[in-house]
Amino acid sequence: MTKSFTNLKNLGFIGLGRMGNLMAKNLIKRGYLLNVWNRTIEKAKELSSLGASIAENPKAVAEKSDVIICMLANPLVTEDVILGKEKYIGISVSDGISKDKMVIDMSTNNPKVVKRMANTLKDKGCELIDAPVMGSINLAAEGGLTILASGREESVNFVKPILEAMGKKVWYIGEVGLASSLKLILNTHLWIMLGAFCETLTLAAKVGIDTKLMLEVLNSSPLKTFVSETKAKKVLERDWRPAATLEIALKDLNLAVDMAEEAYVPIPLANLIKDLFIAGIAKGLKDLDYSALICLYESLAKVKVS
Amino acid sequence: MTKSFTNLKNLGFIGLGRMGNLMAKNLIKRGYLLNVWNRTIEKAKELSSLGASIAENPKAVAEKSDVIICMLANPLVTEDVILGKEKYIGISVSDGISKDKMVIDMSTNNPKVVKRMANTLKDKGCELIDAPVMGSINLAAEGGLTILASGREESVNFVKPILEAMGKKVWYIGEVGLASSLKLILNTHLWIMLGAFCETLTLAAKVGIDTKLMLEVLNSSPLKTFVSETKAKKVLERDWRPAATLEIALKDLNLAVDMAEEAYVPIPLANLIKDLFIAGIAKGLKDLDYSALICLYESLAKVKVS
Amino acid sequence: MTKSFTNLKNLGFIGLGRMGNLMAKNLIKRGYLLNVWNRTIEKAKELSSLGASIAENPKAVAEKSDVIICMLANPLVTEDVILGKEKYIGISVSDGISKDKMVIDMSTNNPKVVKRMANTLKDKGCELIDAPVMGSINLAAEGGLTILASGREESVNFVKPILEAMGKKVWYIGEVGLASSLKLILNTHLWIMLGAFCETLTLAAKVGIDTKLMLEVLNSSPLKTFVSETKAKKVLERDWRPAATLEIALKDLNLAVDMAEEAYVPIPLANLIKDLFIAGIAKGLKDLDYSALICLYESLAKVKVS
Amino acid sequence: MTKSFTNLKNLGFIGLGRMGNLMAKNLIKRGYLLNVWNRTIEKAKELSSLGASIAENPKAVAEKSDVIICMLANPLVTEDVILGKEKYIGISVSDGISKDKMVIDMSTNNPKVVKRMANTLKDKGCELIDAPVMGSINLAAEGGLTILASGREESVNFVKPILEAMGKKVWYIGEVGLASSLKLILNTHLWIMLGAFCETLTLAAKVGIDTKLMLEVLNSSPLKTFVSETKAKKVLERDWRPAATLEIALKDLNLAVDMAEEAYVPIPLANLIKDLFIAGIAKGLKDLDYSALICLYESLAKVKVS
């Protein structure tokens, strides 16, 4: 099956949160025509002023578009919007989709849900590509995201220009679901780094080391990490405005924990981090930046790092 | 007290292992006169041919030198060579030292031992500086080490030219012992990164991701770490020739574990890594590079990462 | 609302596995009339020969009975059989139930599912009591189970004679769902004891202690536990015939892990046990008695305990 | 070598703390003549009034006695008193001992230290038996302790009547040091049970279970443990008067951690407990009963269990 839409410019975009909004804008800039939908319709207004058509519901988006992109908050919402399980019964993407259309799920999703959605859409003659992104708001704004894409290779290649409108680098990861798996795994790597950062910074503070100096030494050395570089200043200044909250970090980590359990892979470090996240949230850090995990470590060791 | 040796060029160097040997050579290159000693005297021969004098024992080194540098294998040996506790009673550095001489301990040492040595030497009118190094053999060869130094600030400044002969960057960390503490803490950061690397790589392999691809994605992203960059190739090629062995990693981590316990700081991630190291060694990985920890994870998850 | 059935002898019993079968027999012995149903109908035959009526499906059981007891394998099946979610749409208990009938869920269940079922049944004017059991096959056979019951207190008291036909002791735990929570928590206590048993036995073996002697000393002391008493012989004789398999233990533990996460309670010991279970299953111990976890510890420490 | 003292009634007893005092009294009751010594001499006065001779120092005890019993606070003190390492150089047990005398170390000791002491005493023609005890003050008072004894079997049999004066049950464990190892292992079993108790009680409280009821259910069930039985009331009444403090528990657990590391046995549960103890002590629970660990769990989950 080789795709050949008469009008590949006709895209659907569902989910206009902070990331989705910026990604959709980049598609418009590249000349794509967008049919958009969002739960809270206000968020679609700005895109409308840039030329996007606002659709009534996910079904309408699917009817009007050749390729439908989703960028939603979590696996539950994503599955509901795409397959119509609870709130979107009868008005979901799958209700509006027809043979040979494609769905690109760019949310951070549960690989099991991705595969389930792919199977259901297959019955309608449609393909699903999962294409989660790495990178923050800033990178999303400038089209600099890294995109992990999986699904049928030919199909991923087919939509590559679309993905490249949103990201500077597109990796092909393999069969559908694997890109989502890899996203969760790379995030897990990040969460353990966060733990390493908090644990060692707390130890340094308690034995009497100047933590500002420690972070300067660390970040001047090959041992620096993404966390030590991006969070050092925040932690020292106790600036907990969130890039991503601890609550989101826990939800994300949980997806990896579930995946590991199903694959029978012990991930003791990740599970320990999970309990630290939980204790952090119990302590009230839920809505703070994930670097606020340091506050939990501080309370465990009875010390302040700054 | 301000130091002013008549001949600051006259240095002692004790401990001519792989690192010590290269560091001593760099001192000779800068014109320092070296009195050297090593447990196995053969290792001193090469330096002798470069102009160093071989001393009979640590005591003799101390008698002949203004500043005595030690680069020894572990805290037990270091304390014995410097203070004379077991094998070196009567022939230790402290037996040969006299007022106003200085000792620089560049070994990775237990901060408690460092402070104990500093106190004992103080009674003889001598100062101890602890100045552990960051960096591998390659960096040691080219004088590119990073050196963490602690002790009286004036004294650290006084010996800075000596330290700069061995390292490209010298950080002043604070009162004696703190540089050793920081070294252990930065290494702990490294060991947890190693765990993050092994745990996520194993998970990726078991859920069906091409691990070579995963490492390429990781190392092209901001989430890369010292471990993911320096060990990816080794792990994929199962090349376990050691930069540092798992046994050495465990000994090193244990120093941090003891320090944390004395300071009453919980370090659950580090303690979990410690148990993984122990299980790895029980499995027979003792003399392999620490990246061989992946073999333990592989056996726990029943999967091969390459 | 006070219950007063014209014929309280008329019970439904759904789920005739190893435990359910024995529990149903005890009800028949006490003179209750049973309408039974099981997925594999063969298991109902024996009860039929004892006087029970075999119903066509869960709906039919509910139609014919005043009180419907369920003893099913897991939360998914239980919710489906009671509410009709997937396989039992239209033929579930809730499809046959009518005002003032009661459901007693005796399965080990997820408290969240219990509450959800209770709410749905409430809309039909029916009450749910969750009444999970503690005790093995042997205790079930002799009506010696301990039963934890929660729901409206008056209702629990009303069905107490039924429960007492199956168990020697019925505890009232509180509002609906709490008995299921407590069951999961007591099991978690058991799983950690299992870990304590395996970890210390392995350590003993490796340092050279006669493990048979160790278990004799332990079981003669106040430090003995349910695990050390019931599993010592099995482990020494490597008899892994399952009372409960490691796979079941993992599923059970997972219910507690999920409950803890939702309540934001860190349970690091339980999560560590979970990873040990996972590694044990990866190693091939899935269908063995949970005491076979010792085999994982043996492989980690490279020692045999017997 | 078969022992045959002319006067086996002549015993030394060193270490008259809470336990030692009661044990010594039981020896006197059985007619043994005691030469006693204690760091703070006041504690020896009462025994003196019962007929014991107070010796000047450990050396004098050893000179006057055929069998010397030690019951000291920790490995460091024990080794010093027996071998004379620091404070007791020249006046230690080994300074007063002579051929064919025996030492029984009843302290909870590090097996490595036990073996080192045994080797040193062997050079003087003397044997060491390690015979740590299980049981509390109450059991010590009534001679009801359980005693684990290791060393040469013939020698353990020879001193058995002495041990039986203090304990109701004497187990022979094997070669010297193994009794101390087993003591540490059984205690580790206890510490993990403590963790299981605190973790599950906290979870119960947070999900809304009446913890008093939970403990009643638990202690009426086969899942009860030494901890759940002896600490339930203390925890519910927040009575933290120590049977053994958390600080002592940590020291004790550390001996097991070190032993496991030397034997290359991973003990992840025990190491996690160790970090919980450390966090508990950082929180200020150091001098409270070890059951006060529940306060740490409470603070992690933000809930009160009573």
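The first chain written gets the first letter, and so on, giving A, B, C and D; residue counts start at 1 in each chain.
By our rule, contacts are C-beta pairs under 8 Å (C-beta built on N, C-alpha and C of every residue); 3 or more make two chains touch, one makes a residue touch a chain.
Quick caveat, the model's predicted, so the values are computed rather than measured.
Asker: Work out the mean Cα position per chain and let me know which chain is farthest from chain B.
Answerer: Ranked by distance of C-alpha centres from chain B, the top chain is C.
Asker: Where are there more C-beta contacts: B-D or A-B?
Answerer: Between B-D and A-B, the larger count of C-beta pairs in contact belongs to A-B.
Asker: Give a one-word verdict, same or different, on whether chain B and chain C use largely identical residue numbers at their interface, taking over half shared as same.
Answerer: same
Asker: Between chain B and chain C, what is the separation of their C-alpha centroids in Å?
Answerer: The mean C-alpha positions of chain B and chain C differ by 54 Å.
Asker: Calculate how many whole Å lie between the centre of chain B and the centre of chain D, each centre taken as the average of the chain's C-alpha atoms.
Answerer: Computed from C-alpha means, the inter-chain centre distance equals 38 Å.
Asker: I'd like the Å distance between the centres of chain A and chain B, where a centre is the mean of that chain's Cα atoms.
Answerer: That pair's centroid distance is 40 Å.
Asker: For chain D, which residues are shared contacts with two or more other chains?
Answerer: In chain D, residues 260, 264-268, 272, 276, 279, 282, 300-302 touch at least two other chains, as defined above.
Asker: Which label fits the chain touch graph of this model best, line, ring, star, complete or other?
Answerer: Looks like everything touches everything, fully connected.
Asker: In the complex, go through chain B and note every residue touching chain C.
Answerer: Per the stated touch rule, the residues are 268, 279, 282-284, 299-302.
Asker: Please output the residues of chain D touching chain B within their complex, sorted ascending.
Answerer: Of all residues in chain D, those touching chain B are 254, 260-261, 264-268, 271-272, 274-276, 278-279, 281-282.
Asker: Which residues of chain B touch chain A in their complex?
Answerer: Going by the criterion above, the answer is residues 111, 134, 146, 148, 169, 171, 173-175, 178, 181-182, 185-186, 188-190, 192-193, 195-197, 199-200, 202-204, 206-210, 213-214, 217-218, 220-223, 225-226, 256, 259-260, 263-270, 272-273, 276, 300-303.
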